[in-house]
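Below: a set of structures, written as C-alpha cells.
Each of the next two complexes has chain A plus one more chain, namely chain B in the first and chain C in the second.
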Partner chain A sequence: MRRAPSWPRHAIMIAVSVLMLIPFYWVLKTSLTGENIYAYPPRIVPVDPHLYNYVDVWYLIPFPRYLLNSLIVTAMAICGNLLFNTAAGYALTKQFPGRRWIVLLLLSCMLIPFQATIIPAYLITAQLGVLNTHLGIALPLLSTIICIFIFKASFESVPRSLIDAARVDGLGEWRIVVRILLPLSKSAVATNVILTFIWSWNAFMWPLIVTRSPEMQTLPLGLARFLSVLEDTTGALYAFVVLVLVPGLAIFLMAQKEFIRGLTSGATKG
Partner chain B sequence: MAGITLRAVRKSFGEVAVVHGVDLEIADREFVVFVGPSGCGKSTLLRMIAGLEDITSGEISIDGRVVNELDPKDRDVAMVFQDYALYPHMTVYENMAFSMRYRGVAKDEIRRRVGHAAKILDIESLVARMPRQLSGGQRQRVAMGRAIVRDPKVFLFDEPLSNLDAKLRVQMRTEIKRLRERVATTTIYVTHDQVEAMTLADRIVILNHGRIEQIGTPEEVYDTPATVFVAGFIGAPPMNLLPQQDVLMGVRPEHLVWHSGSEAPFLSGRATVVEPLGSDTLVSLDVAGTQVIARLPPKLVRRAGEEVALAADPANIHYFDRTTGNRR
Partner chain C sequence: MARASGSTWFHRKQTRELALVGCFLLPALTIFFLYRILPLGWNVWLSFNSWSPLKGAKWVGIDNYQEMLFDDDVFWDAFANTLIFIGCSPIAIALAFAIALLVNSDLKGAAVYRTIVFLSYPLMTVAVGIIWRWLYDERGGFINYVLRSSGIVDQPVKFLQSFDWALACVIAAEFWQVLGFYMIILLTGLQSIPQHLYEAARVDGVPPYARLLRITLPLLRPSIFLCIVVGILNSFTSFDLVYVMTNGGPGHATELLITYIYKAGFGQTRFDYAAALTIVQFFLLVVLTVIANKLSGGNAGSLER
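Right after this comes the complex of A and B.
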C-alpha cells in the first residue's frame, strides 16, 4: 500500500503557521522601525531597523522595575501553585470522609468568575496587610483549581504499587510526592508552570487593584501607563510588547513538549 | 532475622470482612507460602504484615515486637510486587540503592551491597539501564535485587512470577530456590500456583475466604489434607471426591491403579476422555454419575468408551465429613 504524499498536509500547516506568525512579525518589525502602523501600502521588510526604541523603553520608563515585579510575582505564583496544587492533588487521590463534597466544592468554585470575587479577595488581602506588596499581587494566583485536578489525574495514573514500594522503601508522604510522583508527572508540572506563567504574567485587573505605588506595578500595568504618558509611542510601545512577550515565549518553547502531553494525557492512555 | 506472629488478625473494608481471624506462627528463616484461590485475602494479609493496610483487629508482631502501629518503613520488611513496581525514572542501580539512601547507609556501603546483589542475581551488566529497557525476567530480578540489598528482617513476595511466561516462571522458581540457600531470610511468598507453593515452601498456608484451611509442610498438605477444600486445591489434577452416605471419599488420580486381581475393583466406569501426556495418561471416568480422573501408565486405555476398572490402596483413601468438609 502506498502512503498518501505528505506535502499537501505540510503545505497547509506552513500556510497556517505563517498566518499565525504575521502579527508577531508585525510587532517585531514595528518595534525596530517605529513606522506608522496605518502607513499604506504597508512595508513587508523593515526599512533601517534600529534598537533605539528598546533603549528608550529600558531607560525612559522604569521598565526594569516592572520586569522585576512581574518576575517576582510570577515566581511566587508558580512556586505557590506547585506547592499547593501537588499537595491538594495528592490529597484528593486518597479516600477520606467528605472527599466527594470537597471535589464538588472545588468544581463549583471554578464556575465563579474572578471578577465576582474581587471584593472579598481585596478585603482578605487588606486584612492580611499585604496590599501593595508582591505577595498581595500573587495571592489569588497561588493555587488554581484546574491545575489541582491536572495533578490529581496525573498522580492517579501512577501505579499504586509504586507508591506502596516507596512506602516500604521508607519514604514518608512528602518524599513520595517529591521523589516518585512529581518526576513521573513532568507534563502536569510543565502544564501548571506554563498556565500559571501566562495568567500571572498577563494579569491586569488584580494588580491594578492591589498596587498603589508605581514601584509595585507589573508589566501589563506599566504598559497601560506607558500608553497614557507618552506621545507618538508606536515604536517604543511595540518594543515594550516584544520585551513582555519574550520571557513567555522562552518558557513555552522550553516546556512545550511536556505541556502538550499534559493537556492531552488522559485522551491517550500512557 | 526474625519470626512473625499473627494473632486473630482480621480485616474489613468498610462493611465487608475479608480476613476472618488468622492465627499463624512463622519461625525465623522459615519460607512460608500463602496459597489460595483468587480473592481469598492473600494479598490483603501480606499487605497488613508489610504495613500497607491497617489491621482491623488482632495483632501482628515481627521479631517479638508488635508492629500494628508501625509504618512500613519502621517494620524493616522488603516487598516484591506482582508488577515489580520498579521506579521508571531511575536506573536499575538507583532502584536498588533507593531505599538505603533513606536509611543512612554510607555511599560506599550502598555500592558494595548493590554490586553484591547484582552479582548474586546475575544482573551486573544491567545496572545502568532504565527499567523500560529490561525484559520481564530481568525486571523480576531487579525487583528481587531491590529487596535483597536491604537485608531486611522479612521478605514479602506477592505473586512475583505471575507475569512471566510459563518457561521463565519455572526457571525463576528454581532460581528463587537457589537464592534461598544464599540469603536465608524469613520469607512469606504469596501465590495461587500450587506447584510454586509445593516446590518452594517450608510450610504452606492454604487460605480460603479469608480463613486458614490448613498449615503444614508440602508433604503434610498433600498426604493428609485437613479439609475437602485443601484436598481439591493441592494436587493437579485435584483429588477425586466420591460421595458415600455421610462422607466424601477422596482419592488422588495418581493413587488409582489398574485393577488386575480377582476381587471386586475399587471403582469402575466408562472412560469419557483420554488425555495422553507422554509419561502417563489422564483418563476421565464416569463412575455412577461422578467424574473421576485417574493418572495411569500410558497405553493402558486408548480411547474413550472403554470400560475401566481401577484399584486403590486403602492407605491412600481419605474421608471427609460431608457437611463440615473436615477430615475424618
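Right after this comes the complex of A and C.
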C-alpha cells in the first residue's frame, strides 16, 4: 500500500501545538518574572524566576474568600446535578403518558441559551429572595439537560432483570437507583461531575449579575475586579490567572475522556 | 370479581408509578421552568411594556422595537458586530476541520496533539480574556514583540484600543478558545464514517481529494451543522471575553448584542428595552440556525433526535 510520509503532518501539528501553547507560556512566564513586566524587549525566559507574585496575590486581594465562594457554589451545583439529573434520568427510563412531550420539552429547552434569559432570570431570582447568596448563584446551574440524557442512556443499558430482581427483594425505587444503577453508571457520574465543575467554576456572567457585595464574589469575578481596580500593572494579576486555571486544567487532564464524551454526547447520541 | 380487583391493583400500581415519576422529574423541571421557559415568555411580555422595578408596567406596544430599529445606532453597531462574529466562525471551523483530518489519521502521538489543541477550551473565559489582553499589550505583549522584532511594524500597535483591530482581536482570542471544541466535534463525526467506504473508493481508484469531497464532507454534515450552531451560540457566550478584553470599546467597536443587553439592563436599568434586545437576538439565533439546518441538508438529526 502506498503511504505518504508522516513528517509533513508532524511538522504542521507541531507548529499548531506551539501556536496553541504560546498564550499559556506567556502568562506563566509573566507570573514568574520578578522585574518590571513592561520592560521592552520582553524576555522569552524569565531572568530571575521566583514566586513573589504568587505571594502577592494573597495580600492584594481576598483570594481565600473568592476561592471559598467558588468552592461553595461549585459544590452546590455538583450535588444538585447528581441528585436531580439521576432522578430525572431514571424517571425518563419508565413508560408513562406524556413522556414524549417531556423529552421534547427538554430538548427544546436545550436550544435556549441561558444568556438569553438573564433579564427575567434576574427578576425571578429577586422574587425568590436569593439575590447575592450562594444559592442564587448556583440555582440555574442545579440541573443540566445533557446530563439527564446521559444518565437515561446509561440506566437503560443496565439489564432489566437486575432491576426486577432488586424490586422482588423489596428495594424501593430510590434505593434501586442508589444501590444498583449508580454503581453501574460510574462513567456517567464522572461526566456529570466534571462538566458541572467546569461550568460552575468558570461561570462569570450570572454571578456578575446576582452578586452585589464583594464578599460574595467568586474567582472569575475576583479576576475581573482585580483587573478593573488595580489595572494590569502588576505581575500578580497573571499569578492569579495561573492559580485560577490550574484546578480546571488538572481536572480536565485527569478526566479528559469523560469530559469530551459529555460534550459530544449531545451531538452523537443522535 | 378477581378481574375487577386485578385491574384496580393495576391502576393503583400505575398511579403510584406516575406519582413517583412526577416526584423524580419535578426538581429538574422546576429549574428549567424557572430559568428557561418562564424567562422566554417574560422577555416577550417585557419587550411590549414600559416597565421598571419602581413603576408598574404600561403596555406600549412596539415602542421598544421602534426605538431600537430607528433611533438607536448602538443597536445597529452591536447587531453588525454580532453578525461579523458569527460570520467568522466558518474560518475557525475550516481550520479545525484541517486539524481534525491530520489528527484522525494513524499519526503517532495524535492523542497528544489532540489534547494540546483542546486544552484551551475548558479554561475560564475571564482568564482567557486577561491572557489575550496581555498578549496584545503594546509593551509586554508577545504579539507586538514579534511584530516589532521582525521589523513588520516600527511603533507598537494598540490592538485593543484601535477601531480597526479590536473586533478582529477579540475574534482571534475566541478562535483560540473554541478551536479545540470544533475539532473534537468533527473528529467524532469523522470516526463515525465507516472505513469500508474509503476502502471501496480506493479499490475503485478514486483520488484522495474526491474521497474528501464525495465521502467525508457529505457524511460529516451533521457534525458541521453542530459546529455552526456552536458558532452561533458563541455570540451569546462570548460576553465574558468581550467584557474583560474591551468592554465593548473603543466606542462600540466590539459591542455585541449580549454586551449591549447587559449594559441596557444592568447599567441603565432599562429591563424592558434589554428584553426587547434579547428577543431580537433570540430571533436572529433561531433564523440563522434554521438557515444552517437547510444548508446542511435539512435533516440535522443531531439535535432533534
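Just so we're on the same page, the second predicted complex is superposed on the first by the 207 of 270 C-alpha atoms of A that agree within 3 Å, B and C clash if a C-alpha of one lies under 4 Å from a C-alpha of the other, contacts with A are read in each partner's own complex, and residues count from 1 in each chain.
As a convention for this text, contacts are C-beta pairs under 8 Å (C-beta built on N, C-alpha and C of every residue); 3 or more make two chains touch, one makes a residue touch a chain.
Remember, predicted model here, so these are calculated numbers, not experimental data.
Contacts of A:A239 after superposition: neither chain B nor chain C is touched. By the touch criterion defined above, A:V210 reaches neither chain B nor chain C. Of the two partners chain B and chain C, it is C that touches the larger number of chain A residues.
Contacts of A:I180 after superposition: chain B is touched, whereas chain C is not reached. Contact with neither chain B nor chain C is seen for A:I78 once the two complexes are overlaid on the shared chain. Of the two partner chains placed by superposition, A:I137 touches none, neither chain B nor chain C.
When both complexes are overlaid on chain A, the residue A:G170 reaches chain B alone and has no touch with chain C.
When both complexes are overlaid on chain A, the residue A:V189 reaches neither chain B nor chain C.
With both structures placed on the common chain, the touch criterion links A:V57 to neither chain B nor chain C.
For chain A in complex with chain B, the touching residues are 159, 161-162, 164-172, 175, 180, 183-184. For chain C in complex with chain A, the touching residues are 17-18, 20-21, 23-25, 27-29, 31-32, 34-40, 42-43, 46, 99, 102-103, 105, 107-109, 113, 115-120, 122-127, 130-135, 137, 139-142, 145, 148-149, 176, 179-181, 184-185, 188-189, 192, 222-223, 226, 233, 236-237, 239-240, 243-244, 258, 261-262, 265-266, 271, 274-275, 278, 281-282, 285, 289, 301-305. By the touch criterion stated above, chain A contacts chain C in their complex at residues 6, 9-10, 12-13, 16-17, 20-24, 26-27, 30, 37-42, 83-85, 87-88, 90-92, 94, 96-97, 102, 105-107, 109-124, 139-140, 142-143, 145, 148, 173, 198, 201-202, 204-205, 208-209, 219-220, 223-224, 227, 232, 237-238, 241, 244-245, 248-249, 252-253, 256, 259-260, 263-264, 266-270.
Looking at the complex, you find that chain B touches chain A at residues 47, 50-52, 71-73, 77-79, 81-83, 85, 87-89, 98-99, 102-103, 146.
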